[in-house]
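Each chain carries a letter (A, B, C, D, E and F) given by its place in the written order, and its residues are counted from 1.
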Amino acid sequence: MNDWFTSLKTETPQKGFELAIEMARKGVAYTQPSADIRKRLRSKYAKNADSLIMTSQVIAIHFQTVAAANNYWK
Amino acid sequence: MNDWFTSLKTETPQKGFELAIEMARKGVAYTQPSADIRKRLRSKYAKNADSLIMTSQVIAIHFQTVAAANNYWK
Amino acid sequence: MNDWFTSLKTETPQKGFELAIEMARKGVAYTQPSADIRKRLRSKYAKNADSLIMTSQVIAIHFQTVAAANNYWK
Amino acid sequence: MNDWFTSLKTETPQKGFELAIEMARKGVAYTQPSADIRKRLRSKYAKNADSLIMTSQVIAIHFQTVAAANNYWK
Amino acid sequence: MNDWFTSLKTETPQKGFELAIEMARKGVAYTQPSADIRKRLRSKYAKNADSLIMTSQVIAIHFQTVAAANNYWK
Amino acid sequence: MNDWFTSLKTETPQKGFELAIEMARKGVAYTQPSADIRKRLRSKYAKNADSLIMTSQVIAIHFQTVAAANNYWK
């Protein structure tokens, strides 16, 4: 993969949240490298409540890391 | 998305808990941007015990972050 | 909601554990505000082993937060 | 409930692990207070691999808390 | 149970990882004490992707604890 | 197993992320040692959204550990 992740620092909590989302997606992309297959799966799981809640959980775990790295933007 | 998340600081644990709920929901909203679809899913999963428990878990993870950011409101 | 959560401090680990249970339940109640529906769901999931284990997990996550807030009652 | 949880301190990691198991079980017992129903459920989920793995996960989360409280028995 | 867990200290990250695996297994063994039943279950779940991913998750949680206890082998 | 894990230090967050992926996979490999079976399972779960999200979650948990070990690459 190209360089996509050089720092955990973000300017705001929201940017940190969006980095966490990117990290959650990359975790999927390393396991399923085909963008086509991911896109197809996404159109389905984005309509499945439990899949969405699970996705939200992965984001939450990554956000813990990003927030700690930014000292909670204090 | 508009600015929705500028600080992790809250006045009370309860406000922090409610921020954690908002964060859990935003994790879903970034993945499923359609408010209509989310509303429809919600009317179903809000009657499913396991979905509710999973939602409660995402809130718990975010609350850990919010609580640490507020030094546990000591 | 009324004020239900003003402090993470508790006198004993057990009171902290019970606070964690309350937090897990509130996470559900914010998502499903109807006490009637929650009661109905509960009578079912309280007889389902996996649901009970998942509930225990949410409690465990919240207890981590409560324990840290109380400096582990040292 | 009676007093069952007055301290997070244990003499050894193993005693801490066993406390974590007790905490995981209490998380279930508060939600399903009937010892009879719990016993019946247990005889089933103790033969279900996924239920056992989920149980092991709850123990792992509680053990994190117990280990931190004991400063990792250093 | 016999003494199986007297210290969280390990010489290397890999030994720490292997301790985390042992801890994940013990979490199962305390709940299902029969080695026969565990062996039978294992031959099945070791061929089930989701069970394997869940197992990997329990290991990850325990490894967090072991790594912290070893100050990340710095 | 051969030595595969001698340090948690990485040069960049991305290398840390890739170490977390490796750790998630090793968690599976210790439980299912047959590379053949793992390969077969992978071709299936890599097309299953929920399995991919769960995999992403294990990576997220390991990444927390790696990030802390590297002091968040500050």
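As a convention for this text, contacts are C-beta pairs under 8 Å (C-beta built on N, C-alpha and C of every residue); 3 or more make two chains touch, one makes a residue touch a chain.
As the structure is a computational prediction, the values presented were derived from the model and not from experiment.
Graph distance from subunit A to subunit E, where chains that touch are one step apart, equals 2. Listed by label, the chains that touch subunit A and also subunit C are B.
Two copies of one chain, subunit E and subunit F, touch each other, and the residues they use overlap weakly: the shared fraction of interface numbers falls below half. A rotation of 60 degrees, rounded to a multiple of 5, brings the CA atoms of subunit C into register with those of subunit D. Seen from the C-alpha centroid of subunit F, the farthest chain centroid is that of C. Rounded to a whole number, the gap between the C-alpha centres of subunit B and subunit D is 27 angstrom.
The centroid of the Cα atoms in subunit B and the matching centroid in subunit C are 15 Å apart.
Averaged C-alpha coordinates give centres for subunit C and subunit F that are 31 Å from one another.
Counting partners per residue, subunit E has 48, 50, 54-55, 57, 61, 64, 68 as the residues that reach two or more other chains.
Taken as a contact graph, the chains are arranged in a single closed ring, with each chain touching exactly two others.
Following neighbours round the ring, subunit A first and subunit F right after, the list reads A, F, E, D, C, B.
Listed in rising order, the residues of subunit E touching subunit F in the complex are 12-14, 17-18, 21, 46-50, 52-57, 59-61, 63-64, 67-68, 72-74.
Put simply, subunit B touches subunit A in their complex at residues 1, 3-8, 23-28, 30-32, 37, 41-42, 44-45, 48, 50-51, 54-55, 57-58, 61-62, 64-65, 68-69.
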